[in-house]
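What follows is a pair of complexes built around chain A, which joins chain B in one and chain C in the other.
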Partner chain A sequence: MDNTTKKFFSSPWRSLGFFLMVLITMIWLLPFATALLTSVRTNDDILEQGFIAIPHEWTLGNFRTAWERGGLSRYLPNSFYITIPALLGTLLLSSLSAYALARFQFRGNRLLFFLYVGGTMLPFQVLMLPVFRLTDALGLYDKQLGLIIFHTAFQLGFCTFLLRNYMRTVPGEILEAARIDGCKEFRIWWQIMMPLTLPAIAALATLEFTWIFNDYLWSIVLLRTDALKPVTAGLATLQGQYVMDWTVIVAGALIATIPTVLLFIFLQRYFIEGLTLGATK
Partner chain B sequence: MKNNRVKNITPYLFLIVPLILYLIWVIGPMIYTFYLSLTKWDGLSAPTFVGLRNYERLFRDPVFFISLKNNVKWILSFITIPVTLGLGLAIALNHSIPGAKFFKASFYSPLVLSLVVCGLIWSWMYHPAGGLINSFLRGIGLGSLAKGWLSDENLVMWAIILVAIWRQAGYVMVLYLAGLQGVDPQLIDASKVDGCNSWQTFRNVIFPLLTPVTVIVIVISIIDSLRAFDLVSVMTRGGPYNSSSVLANFMYIEAFNNYKMGYSAAISVIIFLISAVFIFIYLWRIMQDEMEY
Partner chain C sequence: MNKKLFALLALVAILSTVLASCAPAEPEVVTVEKTVEVEKIVEVEKTVEVEKLVEVEKLVDRRVVLYNSYMSDPAPREADAEMVKMFEDANPEISIQHSTVAHEDFKQAIRAYLTASTPPDVMTWFAGNRARFFIDKGLIMDISDVWESEGWVDSYPAGFKAMSSVDDKQYFLPTSWYWWAVYYRKDIFEQYGLTPPETWEEFLAVCDTLQENGVTPIAIGTKYRWTTAAWFDYLNMRVNGPEFHINLMLGKEKYDDPRVAAVFNDYWAPLIDNGYFIDDPAAYSWSEALQFLIDGEAAMYLMGDFLRDSYPDDKEGDLDFFRFPIIDPSVPVGEDAPTDGYFIAANSQHPEDAKAFLGYLGSVEGQQYMADTLGRLPTNMDVDTSSFTEMQQKGLELIQGADFVAQFYDRDTTPEMADEGMNGFMEFWANTDKVADILSRLELTREEIFVEE
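For the complex of A and B:
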């Protein structure tokens, strides 16, 4: 124990507080522990002995079942096919609109800004049926492309809002200097503004990846064919297939979380930044 | 002169693609929902105009009122429990506690899971026979408290809301932690010099300074409660006997299981109208920030 730690625990109140914190944290992590322990046991073992028991055998078979027969080997790649294009599309397009809103005075600037901000708070349900009808009319229903376009468009609101506020903090002199040097606006955006905005884009990208990847509602509204579904909708199908076998369902759920958990572990700072950027300036 | 004109249309050139996409896929549909709510539509043939009939039926539909009541329960739980918990955790972890980083990460880790995954894992914990909660209760000799958490009409809504709280508290904590970064430590020192104890400092100095965060947290919590769908859909589909139905789930079932899309649109308009009040408060807050520029 180093000195500051020793000093911390010298107060009994603080020690008690610390103990409480440990207790709450353990309760908070309980679902994770439950899931991990469940996934490496057999269903029979749990039925026979109850959940709280030392298992007779350990197995990785549930993961294999979920992956192969449960279809996660299809659903998980689908999630990437949908998330990556939507993520790139929304980041690129929102940085265009954010640049216009942040750097130009023109009629309707404020109005457009509020249109974007207001849209971020919209309950998805308001859009559901018209968007369903629109994808159908455009021949995009039950195609991943329809889902990609919708995510791109819907996330524009939040991304434009954040990037616009961030771009406003970039000193105008830098852009002015480039303008005097005869730089075209489009090049200023791409070669000067974009690199300067990278920290915000990184934060936004981690957050948006998680959101789009974790979407469930839109994938069941806009897709019908099981082979096209992302992992969230796939898990719901899996749940229906293996009603009695929770070990497989839970193993599937754990596989489904791997991408976002990895992202969180490596890019935690950006993730948290993204979260707070949205709600507080 | 020419240069000026080029400059005038430049912002529109930047805006044109994203804006058109946004208008077609977000703003347009939002308005179109109002029209759909005045029609009878099965999703296949063209919608036919029926005036306010969907709303008349809605206000006589008991499931609508059950759902509304459940959304109110959800909202009330959401603006109290995770907010208090999140604030408490933020205050505690803002100090240099050993292991603070680990504690923080533990609390916001549920946020990276999809609601589907949260719903599945908790459904298993709630499982009447093999689930952790009942097993634990039986293990410590409190077997009489073991319940069918998701099959008991009086418990099921709370059981689902608890999952949502588990996921939300860490988010609120993150927002308050960010807010606390903006609190000037000198103000806290000053209040201590003036003889305030910790609680008084919190009550009179810190909490008022966090008001902007609190407003945002409450607005976000309410909006999130109104659009809650995934957990209910995965855990119960609104059952048993609609006892855990919420507006978003009710709306989905009417549209995609019963093919009453006009009726469903009317439900979504109600969701929108309730949200609109809070979206307005949110926009008003953002606008205040704008005025500071």
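For the complex of A and C:
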């Protein structure tokens, strides 16, 4: 036994804790394991044996079916066409507004800030009808641009709130020094504030990417054409009235999680840092 | 540190472009030609260069019809796509932009579709009250001219025409329907020397025998409530007759009528109290409960013909169905046969081409294809039924032998009433002694809903 392992079993409480942890992890992973299992079985096999059983036949065909016939090959790129512009737009605009709110004194600063925060408190379901009517009136219904604009606007509140609080922790003297040297505000924002805010932006980007990428409601409200839909709405079209193509849906869902998982693996460090943003001053 | 981060971001961006760029390459492997078509549209819309778009349109020179469908079950979905392709082959100047939407989502989204300034032109929908709801709001196009020019006035049964008309104008095109019946395991019936019951007494006797032998007589899954409504539909039609039933659906009869109470107390409750149904049905969806029938733990299942789509193919030989047993021979026979079809949005941007597509969907050719592929029954009487399977022939006879055809509880009555009604059925299932309470509450709901209109 190496040192860490020894430490774990140094007292009965510790080892009990360890086993509890393993147990809870296993329970936590059970749905995922079931999903993996389902994705390699056939529908008839599930009907005959139930959801949790050793399959009689194994198949990887579901992934192929999901990609080709299930349309993932076009839904997945669509997800990126929507998520990436929306993400960039939100981050750009919110970092600008956060900078203004954090660093400039002007009348209505507080009020504006509360408007942003208040906006995020609104349950988005109540916006469904007005947003639909507005999009239709602007001629953006059934266009990905409409969805991009909506996501950008809707995520703005939360991002501004978070970034504003983070930017306030940046010492004002740095900015003052730059200003005295004759630096313009835009340059201060881009060359001083943005690099200093990078950990927060990275954390935020991870979060926002997942949120926008996983959005389902707005893509079915604002889009009508199959060819434009992102992966979440696209996968849902595989649900029938009477018959669910479970194996293909699950296989498709597993493929659809890959980008988010990749992102988390790469940006994990920033994400965890982001969780404690503003915890210490 | 920052360089690293940017490198990672760049990697993600590259990954996404790679993913995006491999999409157009995909269709080379795909054999379904429809997919290729859709890919083309995606490509055109994605490349922002307007010139290219114009170029492609000039090259193809096809007019577009937007078609949104709720046929999201695997088998109908493929048949649906095939129909679109067949129409496009026959009409090369028209291109159908076909979108399939999850069935349950479609039912909600249609309100957005129909009120949008650019609605889908052709949409799938349910016949009867559900279609009437939108027709009355002026959202659906009058297609009497299509009925006239396609000769449907003669080739469709009067019942289907009446179903599609408001004030003698046609707004709806019914295309396919399926029957409901009691499905049963032939092999289990043979094992215990049983024959399909025709009367209520025989049905109860069959249940008894099965139960004595350790087989649960009837499977049902009530996780989604509509399965209970089938039992109500049939019991009410068999006991009180279809005329009373449909008037109840239309709000012209009262729920606290003693005749309704009799259905619950004298027929439905004994089945539940005797344990003829499987235990804890609310834990299963209808397809999860199908397991009991497949495993032979249960022997009968009141369900629509779509049951056969989900049944394992290699075991379908053991499956057969019989008409819901007759309770009172003096009462006309009513059957549930939900009908699906199409309509055109009132503010459709491409009305002429949409009508052409609708004409094809209702034609002998189109209906023949759907009937042969999916085993659903056609509405057009000119369709050749000689090639139908034994099951289809039997289903056709079942419905043709009926005096009245109902749609289904949640299609025959208003959505609000259906919602409350099915809640009531669920509550009754758990408390078979509370019939009076439940029915008086349903009566209150009925008054509220139907007085408003």
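Methods note: the second predicted complex is superposed on the first by the 251 of 281 C-alpha atoms of A that agree within 3 Å, B and C clash if a C-alpha of one lies under 4 Å from a C-alpha of the other, contacts with A are read in each partner's own complex, and residues count from 1 in each chain.
Basically, a residue touches a chain if its C-beta (ideal position, glycine included) is under 8 Å from a C-beta of that chain, and two chains touch if they have at least 3 such contacts.
This is a predicted model, so every value here is computed, not measured.
Partners chain B and chain C, once the complexes are superposed on chain A, run into each other and clash. Of the two partner chains placed by the overlay, neither chain B nor chain C lies in contact with A:A177.
Of the two partner chains placed around the shared chain by superposition, chain C is the only one that A:I84 touches, whereas chain B remains out of contact. Of the two partner chains, neither chain B nor chain C is touched by A:L60.
With both complexes placed on chain A, chain A has more residues touched by B than by the other of chain B and chain C.
When the two structures are aligned on the shared chain, A:V221 is found in touch with chain B and with chain C. In the superposed model, A:G50 lies in contact with both chain B and chain C.
Contacts of A:Y270 after superposition on the shared chain: chain C is touched, whereas chain B is not. Once the two complexes are overlaid on the shared chain, A:E68 sits against chain C while remaining clear of chain B.
Applying the stated contact rule after C-alpha superposition, one finds that A:T38 touches chain B and leaves chain C untouched. Residue contacts after overlaying the shared chain place A:L127 against chain B, while chain C stays out of touching range. Shared interface residues of chain A (contacting chain B in one complex, chain C in the other): 47, 50, 132, 220-221, 236, 239, 263. Contact residues on chain A toward chain C in their complex (touch as defined above): 44, 47-48, 50, 67-69, 71, 73-74, 76-78, 80-81, 84, 132, 136-137, 139, 141-142, 195, 198, 202, 205, 220-221, 224-228, 236-245, 248, 259, 262-263, 266-267, 270.
Chain A makes touch with chain B in their complex at residues 4-5, 8, 17-18, 21, 24-25, 28-32, 34-35, 38, 46-47, 50-52, 93-94, 96-97, 99-101, 103-104, 106, 109-110, 112, 114-119, 121-134, 149-150, 152-154, 156-157, 160, 168, 185, 189, 210, 213-217, 220-221, 232, 235-236, 239, 246, 249-250, 253, 256-257, 260-261, 263-264, 268, 271-272, 275-276, 279-281. Partner chain A is touched in their complex by these residues of chain C: 2, 5, 8-9, 11-13, 15-16, 19-20, 22-23, 26, 29-30, 32, 35, 38-39, 41-42, 45-46, 66, 68, 70, 72-77, 97-105, 109, 112-113, 115-118, 120, 286-287, 290-291, 294-295, 304, 306, 309-313. Residue ranges of chain B in contact with chain A, taken from their complex: 8, 10-12, 14-15, 17-19, 21-22, 24-30, 32-33, 36, 43, 89, 92-93, 96-98, 102-103, 105-118, 120-122, 124-125, 127, 129-132, 135-136, 138-139, 166, 171, 174-175, 177-179, 182, 212-213, 216-217, 219-220, 223, 226-227, 229-230, 233-234, 247-248, 251-252, 255-256, 261, 264-265, 267-269, 271-272, 275, 278-279, 282-283, 286-287, 289-290, 293.
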